[in-house]
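Both of the next two complexes hold chain A, though its partner changes from chain B to chain C.
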Partner chain A sequence: MTVVLETRGLGKRYRRRWALSDCTLAIPAGHVVGLVGPNGAGKTTLLNLAVGLLAPTEGSVEILGGTPASSASQLAKVGFVAQDTPTYAGLTVADHLKLGAHMNPGWDAEVAEARISRLGLDPAQKAGKLSGGQRAQLALTLAIAKRPEVLVLDEPIASLDPLARREFLQTLMEVTAEQELSVVMSSHLVSDLERICDYLIVLVASRVRVSGDVDTLLASHYQLTGPRRDPESLPADWDVISASHTDRQTTLLVRSESPIAEPGMTVDRIGLEDLVLAYMSQATKPARTARHAVEAQR
Partner chain B sequence: MIWLSWRQFRTQALVAACVLVVLAVVLLISGLSLAHLYATSGLPGCRSRNDCPVKLMDFTAQLGGAYRAVFELTLALTYVAPALMGAFWGAPLVAREFETGTFRLAWTQSVSRNRWLLVKTGLTGLAAILVAGLMSLMLSWWFSPVLKAAQFAPSRGSLSINRLDPLLFGVNGIAPVGYAAFAFALGLTAGVLIRRVIPAMAVTLAGFAFAELAWLNWVRPHLIAPVRTNSPLDASTIQGLTIGNGNLMTIIPGSKPNAWILSDQAVTSAGHPFSAPATHACLDGSMQACGASLGPLHIRQLLVYQPASRYWPLQSYETAIFLVVAIALGFLCLARISRRRLA
Partner chain C sequence: MSLGGTTGSAVIEFHLDARSGVSPYLQIIQQVRQALRLGLLSEGDQLPTVKDVVARLAINPNTVLKAYRELEYEGLVAARAGVGTFVTKTLADGSLAAHGPLRAGLQRWISSARQAGLDDDSIEALFATTFRAAIKEEVT
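This part shows the complex of A and B:
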């Protein structure tokens, strides 16, 4: 398994506040990876460290086996779309393509122009006059046309309306189908990631709660519902991710590599969103999360 | 990278070019007429005819009006230009990228951050230097007839002007180049450190004004140790004397060399500033008697100055220092941007 992004004990401090601390993870190549987590989990900091816009306070980060932004050739391998998709307001769409062509030796003008015309963007339009969705598409086009090996997207769709969001994801899906490209994309909207990602990392408070192939994750988690049970009476080898009890009923999320059958309880498959939410809400249980973080790295 | 730098700078460059062209046209028209005025003034060759003072008076009498307006306007513009270029070109160069977040776009293209900054500052900084240099050249050319005329001025004359004059020194020669480089680097640094355009511009303007004034008052006079002379004053070498309240007499020393005078004082033989009750002869005697009565007081003239011959050494030192500071600021920005990796 080759790795696009690897961090070891990575931490970043702004003055006295740690935005990310002791983050260790490895993202395999050839996937569309969704990085999910609540606001403030350190997603943006992690991705900015990954593309070299930030320097680590502690630990190490490697992207495609090299130090981020250490050289022009290293920069050329990484496409980045920043949060809020910044573009130069005073430059036109065509200017942005020229900018890309002048600043990237591997620039693919054909791809860029084809994409712009398919999006229906007027090349003479100033970027400052574009809608949020159009601007995001322009930023994505710039990142794609430099022909990177990995595309890093920092919440590119968070501020878009549903239609623009759908179009953006559509473009992204086309690109991943056309080009040999790894994608790392952060979001706090699981429903969006579900459509496009085949690999998922849940990051809460700098820690990886769970990571893995989406299909494998979905296949190895079960929701059990039944009459109220005493937590002590559950089988000792169960890996209970979350448990909720009412007076009469107990609902469990259990992780297991083999199928589960438990008399008196209904066993259901679980959706990605519920799975992610279950891991996110573990934030208050440090003992468990530490164990899962270790597991996730294996 | 050069393309992007130019694309982002071209509007400002166009504005600067327009200002320069307008200024050039005004200075050309006015300068040709001024050169003609000098050529026909009778000053060239006046020494052989022995009528220099008269011709000089005629010439200076015509320097008012339009010439004065053109001169004062250009002078002000040449002084303000470096500050404006520092504030409007230097300060937003990086600060605007931070403010709009576009540094995230610029720094993730396949161009290293060092190169990005070097090309951007190189292009814009050199443009600032070029503009300042051209303004200085144009003003120097325009002003040259006046300086030529000033050669014919007697030492105590009406047009004792020279290029060391603080007002002229900063808009002549190569000094404006140093100011422009410094102002630009100051703006750049303010932008890198403050990361907001408007505050960075304000800091640049204030910082540059302070640096210029401090330099003019405290540094330039001592860039080369000034010449000090201490010579006796008598009736023939004083320009005049005033008698003020309480009959206190003050002497105005005369005989000034062609130089930038830093201090000119009448002192006692012990070296203290001269101030004494007026002599009887000066209170109610004749001019001659008054002059004669000064002799026993042993008044001396203490003169501190930079001779006109030091024009180029002073220009070189000053420009070199401003350039070195500008380069140092540039390296500071480079280190800040490449090492700190701001977000």
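This part shows the complex of A and C:
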């Protein structure tokens, strides 16, 4: 399986503060990958390292098998939309397309113009006068029209209203169906990711807590509720992700590759949002990075 | 992957219920099966192209492909490369003719339940429990 993004022991330090440390992961190609994590987890730093806007302090990062931004051909393969979908406020929509055509050898003018007219954007309009949703769509159009092999998006929809958000994701999914494109997108809106992502990475405090195919993750996690149990009495081979106890009741989230049946406890499936939240709120357990990086490579 | 063009001749449209807890892939399968059962879809009809579905619902193309593959595996549809996915089997059988009278009977039952003062939730709950009890009786 081809790997779009691979990092080994990747770290980035700003003066004395580590924004990302010891990050090891491998993302297979052909997926729409959701990168989730709380603010400050290192998502933006990771994505900036992936596209070559930042250089690593330690460790290594490879995108599509090469060093990020190391050559013109390497740059042409990667589309990037930075946080809050920046555009040039003083330039018109048409200027943006012209700029895109000049700077990208593989520029697809037809795609760009078709998108702009479908979005109903006036080419003479200054980008600074566009709504947030229109600006996001313009930034996405530029990234798409360069015909990249991988599209990296940093929180593109966080600041958009629900309608603009839906429209942005519709465009993104349409393009994913049209072109054979891998997408890596960071977000903390898990409900949106649930619709569009088929691969998920949960990053907390610069560590990968869990990563994998969404269907596989959902099929291998179980929520168990029942009368209060002493944590010591649980089967030793259970991988307990989270546990909460009241005086009378115990609720567990257990990861298991084989179905779980436990007398006296109700076993339920769990949704993606609850799964993500369980991993995000998991206190600083020892890093599971290495193991899951290996799983992701399979 | 055959994604098909935008032919616009599809007969049904999918919708997603995010709150249902049923995965999008299963929801698509269920909606096709239901449309087949109700006679909305019949042999030769085209399912919406993958591109149309993802552009409308903003969902992952792989989700739609997976659902269509499953339907193909069940022998309900067949993919024609470069054209689209077409219905190959009809689930609506002779019983379809009975739907009208049965629906009318059910409507009468619902209005008498309303007259008796049942609210929507109670009507649904009553129907569901009776339905389950009836199935149990048939089995035993």
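Here, the second predicted complex is superposed on the first by the 284 of 298 C-alpha atoms of A that agree within 3 Å, B and C clash if a C-alpha of one lies under 4 Å from a C-alpha of the other, contacts with A are read in each partner's own complex, and residues count from 1 in each chain.
As a working rule, contacts are C-beta pairs under 8 Å (C-beta built on N, C-alpha and C of every residue); 3 or more make two chains touch, one makes a residue touch a chain.
Here the structure is a predicted model, which means the values were calculated and not measured.
Undergrad: Using the touch definition from the top, say if A:54 reaches chain B (first), chain C (second), both or neither.
TA: first
Undergrad: For A:174, using the defined touch cut-off, is the partner it touches chain B, chain C, both, or neither? Pick first, second, both or neither.
TA: A:174 sits against chain C, while chain B stays out of touch.
Undergrad: If you tally the residues of chain A touched by each partner, is the higher count for chain B or for chain C?
TA: B
Undergrad: Identify the partner contact of A:197: answer first if only chain B is touched, second if only chain C is, both if each is, neither if none is.
TA: second
Undergrad: Once the structures are superposed on A, label A:273 by its partner contacts, choosing first (chain B), second (chain C), both or neither.
TA: Neither: A:273 stays clear of chain B and chain C.
Undergrad: Looking at the overlay, does A:108 come into contact with chain B only (first), chain C only (second), both, or neither?
TA: neither
Undergrad: Sort out for me which residues of chain A touch chain B in the complex.
TA: Listed in rising order, the residues are 45, 48, 51-55, 69, 71-73, 75-76, 78-80, 82, 84, 86-91, 95, 98-100, 102-106, 139, 142-143, 146.
Undergrad: Show which residues of chain A lie in contact with chain C when the two form their complex.
TA: Of all residues in chain A, those touching chain C are 31-32, 166, 169-174, 176-178, 180, 191, 194-198, 215, 218, 269, 271.
Undergrad: In the complex formed with chain A, which residues of chain B make contact?
TA: My answer: residues 1-4, 7-8, 100-105, 107-113, 115, 339-343.
Undergrad: Note which residues of chain C are touching chain A in the complex, please.
TA: Residues 1, 3, 16, 18, 21, 23-25, 50-51, 54-63 of chain C touch chain A in their complex.
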